[in-house]
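Heads up, the next two complexes both have chain A, just with different partners, chain B and then chain C.
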Partner chain A sequence: MSGGLIRTLHLGSTRRTRAPMLIAPALLAACEGQQSALAPAGSDARVLDDLFWVMLVGAVILWLLINGLFFYVTRINRAALSRRFANGLIVVGGVIFPTVVLGALLTYGLSIMPDQRAPGEGLTLRVTGEQWWWRVEYWPDGADAPIIAANEIRLPTGQRSEIVLDSARVIHSFWIPALGGKMDMFPGRESRMSLMPETPGRWRGQCAEFCGASHALMAFDVVAMPLADFTAWLQMQAAPARPPATDAAERGAQIFAREGCGACHAVRGTEARGAVGPDLTHVGSRLSLGAGTLKTTLTDFERWITHTGAIKPEVEMPAYDYLTDTDLSDLAQYLKGLE
Partner chain B sequence: MTCKHLPRPDEEHREFREEADSLWRITLSPVTWVAHFLLSYIVVAVVCAKAPALLGTARIGLLVATLLALAVIVWLGLRAWRQWDWNNTGDYTNPVGEAEDRHQFLGHAAVLLALISAIGVIYGTLPVLMLESCR
Partner chain C sequence: MKRVLHTLAVLAVLGLVAGGAVVGLGLYNVSARVGHMPGVSWVMHTTFRNSVRLRASRPKDMPDLSDAALIELGARHYDTACRTCHAAPGEARSATMAAMEPAPPHIETAVQDWQAHHLHWIVANGVKMTGMPAWPAPRDDDVWPVVAFLLAVQDGMTETDYTALTQLPEADAPMAYCLGCHGDGGTNHVPPLNHQSAAYLQASLHAYRSGTRASGIMAQAASGVSPQALDELAHWFARQTPAEPVAAPQMPVQLIAQGRALAHAATGDGDVPACAACHGPNARDASELFPVLSGLPAPYLEQQLLLWRDATRGGGRQAQLMLKATQNLSDTDIFALVAYYATLRTNRSDADE
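The block that comes next holds the complex of A and B.
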């Protein structure tokens, strides 16, 4: 037992000494990539990025000034200041300077708010936070019914899209760092935001308010596309599910029905009309599974179906680990075929 | 020597009453600030919830209220400045606990409170000036 303890302590100390070396590149890498507010790809994120740098540079200059002054009066010139100078320092440095600087920052901050809150220009998305996934509805201008998807947000570039946010049970927060600021989602109360992606590409969004056991695994893919591509994609999403293309997929569809998956999941164009879990009509064409947790390969479908709770703690979907390998493979074929 | 400077019998009472009054007066600038702050928040919240179309009128009303609040604060500040009497006495601080000293110290405190209240009112008005919609 004591040997184990010593080994643990030893491991602990090794980890500690290595930690800075491991953390440094990770921190640097965090400034780029799919989920960074410092690598903006939309007009709202760019404004926030500017604000961050202005605040950071300003804070560094102030820090240097204050500490420089402190160093000067305690180490370089220790002579007592005249009362007149000291009073002047308090009035100028303690009243006028902060008032002007804070006033300027407040004015700058307020000047960027109207754009951040501007209304959308046609497309409206309605996103509902679930535990722990995202229900997504697309409402194109003038639509009577939504086009339903899940765990993936696609937006056209060069135009501002309205995003209405809601939540089913607990508070979540919708955040795509590369595209804009975050906004909380409350049960029973709609909040809204709008985003204007500028560069086509793929990013990652993440729930930013602790919402339960799998909060950290509540992510989503974000794709910004040129308007024409987006329109084509949305048309495809509006279509009912493809019929199974192979015998294996056909068997998979029967297993899907037999196991009662349709009680929770909808596959439009089939008997499956459940609305408890994500809509699976086009799940095969999505970029991830389990709200940004797995990819959408056949293996990942199998892993998800058989190990839901292990992959995502406390998730509501039960693990279908009693399925035979053949059944599982057929089911995965069917789901992957739902493109 | 004349009797002109002899204190009147009720001199101490009068002086105490005046100091008590000026103790109340130093709270008036922050109270004006609080009133302006609450008015701004409540008016905007109610108008945006019930009648967003009236926001333009509400903004003008709030700007008028701002000017009134600033006028009150400036007036209080000037009175306090005279009470502090720094220009004449040259006493920036008033550390001695005598009646005149207390009188001037209260003026000094009131000047500073008027200053921060004025800054508070101006900062509180910037959103009214710069944000044009309820969004």
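The block that comes next holds the complex of A and C.
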């Protein structure tokens, strides 16, 4: 009896708190964390952040001035103004003041733009928007072949890296709010931007142009690392895949070949040379699976392989829902082992 | 006005009662012996002819209907599926068939006055209330071999021609029937079977039987034997030694090269999965459920790829892989892939490259 009462009370309280609990994190997440232009971690994002605050403060001051003036003439001093004063107000407040303010803001705003496309200092990334994932090539200074990765952007801190953007079929938009402004990606046309991360850390990027059914699930991880760490990481990415370390992984590698996964995915150092989907040479060491959609845990590998379309609507990869549980688990072991 | 409405209502009720009595009390005589009342046959037959003329449209592209291999395939299908009712050229209909109401016309009469697209429509759709069935598959491009045969009948095919066309090779019972079309390395429209794995053949035969892989001709063939017999057939064909490689068809060298690049994912763009990963050549580690494509006849390969792209083709549980894989193929891609695979020599182990 009393237990029932307590349960009822408890349910009641849950119901009451549900709405604010849902809204609060959404509001807070907008201001800080992995994906916010208001928590800058790079020089480009900081410039944009400054621009935002200058504009916001300016807009608030102007709003107060205009409304103050309006309040003054309608509530405090309701007598007619002299024609001379009124004329002066129109010329100064309506022509000179806006011209000066807008001119200053425009000059400030335009002066920022070239920095967004400043040339890089060695490393060039080539990012191609696919439906719905990111093909990433790293071209270190003087390289004649790229180091291929996917769905993860790593950049050295304290150095400006150039990013060349392209798209396969539809328009996407490349945006890492914590590091800089966004830039559209067009099929058949290269667009360029550059980023200079300052703080090491992990952020999230997101496609910012509607690009089809799974647009909202087209995200990526961004990691800014000190130069030495970055160089070591890149060297590891350049290496061919490690051979399977366990019996399960070895069986998984055979299943990978048996099911023809290599038709779409490349695993460097093996027969798999496909280029339709992401390069999987080091997929086990990536931070996410399915372009920021799942984690790279064994369970998530299995979920992804068997439920592609349910997890990501209209995705090109077919669902391998006919694999046996053992096959699936072996395959997941193999993929997780590709570090 | 009110009186008119009253009368109409009474008439309607009487009509309903009369109709109900015919259906409910069995007043209508369905005896085929008695036949139709005068004029009814004429009305129904005229309706049939006009309905076909209205609905059969001339297709944009027809295969070459004078192709001997197409006529032979059509004749062999006709022999098992249609001959029972319509008889063969030079042969009399059985007495039982002639007693049907309406009696199926002898094939030599049936094909008169129709053009290719009319015949295609009739074979694909069947005719209601006559006993003429629809094509037993949800696609109708594979109706053309039958049309090619029917046009040959229209042109005066003799009994001797027909017997020569439909003769079965020397072999045991179920195999002889299969070998009629698939023997001797197949034809342009029929693939040879003896370089595929038993697993693939088995899956395909069951898919034909259950309808997940659509083909009017193969549905008829696969429904003629028991599921166990299908498994035995699959293993029997897989055991046969591959036919001596015939001379590769002539294909433009550039097209072959384009096909090779596509099949091995060497084009540099990521639109088409590498066919070779599953279908070879040299896909030794790939599942036995994936068919070997090397050396298959070009028209057959082209037709299958088009069916896949149009999502008309199915198969076993792996069919979903091919449905995804073929979505981005252009017509040129298909021609190039066909040129590449048709010119590779046939070999089950694919050690030919």
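The rule we apply is simple: the second predicted complex is superposed on the first by the 314 of 339 C-alpha atoms of A that agree within 3 Å, B and C clash if a C-alpha of one lies under 4 Å from a C-alpha of the other, contacts with A are read in each partner's own complex, and residues count from 1 in each chain.
Basically, a residue touches a chain if its C-beta (ideal position, glycine included) is under 8 Å from a C-beta of that chain, and two chains touch if they have at least 3 such contacts.
Everything numeric here is computed off the predicted structure, so don't read it as measured data.
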Open item on the list: Under the stated touch criterion, which partner chain does A:V95 make contact with: chain B (first), chain C (second), both, or neither?
Closed with: first
Open item on the list: Under the stated touch criterion, which partner chain does A:P140 make contact with: chain B (first), chain C (second), both, or neither?
Closed with: neither
Open item on the list: On the A-aligned overlay, A:S111 touches which partner chain: chain B = first, chain C = second, or both, or neither?
Closed with: first
Open item on the list: Touch test for A:P119: chain B only (first), chain C only (second), both, or neither?
Closed with: first
TODO: Please indicate which partner A:N87 is in contact with in the superposed arrangement: first for chain B, second for chain C, both, or neither.
DONE: first
Open item on the list: Looking only at chain A, is it chain B or chain C that touches more of its residues?
Closed with: C
Task: Contacts of A:G103 with chain B and chain C, given as first, second, both or neither - done: first
- [ ] Check the residue A:G201 against both partner chains and state whether it touches chain B (first), chain C (second), both, or neither.
- [x] neither
- [ ] Determine, under the contact definition given at the top, whether A:P318 touches first (chain B), second (chain C), both, or neither.
- [x] second
TODO: Mind sorting out which residues of chain A both chain B and chain C touch, each in its own complex?
DONE: none
Open item on the list: Per the contact definition, I'd like the list of chain A residues that touch chain B in the complex.
Closed with: 83, 87, 95, 99, 102-103, 106-107, 110-111, 113-114, 117-119
Open item on the list: Which residues of chain B touch chain A once you look at their complex with the stated criterion?
Closed with: 92, 115, 119, 122-123, 126-127, 130-133, 135
TODO: Within their complex, state which residues of chain A touch chain C.
DONE: 130, 135, 168, 254, 257-264, 271-277, 316-319, 322
Open item on the list: If we count contacts the way the header does, which residues on chain C are in touch with chain A in the complex?
Closed with: 264-265, 268-278, 283, 285-287, 290, 317-318, 320-321, 323-325, 327
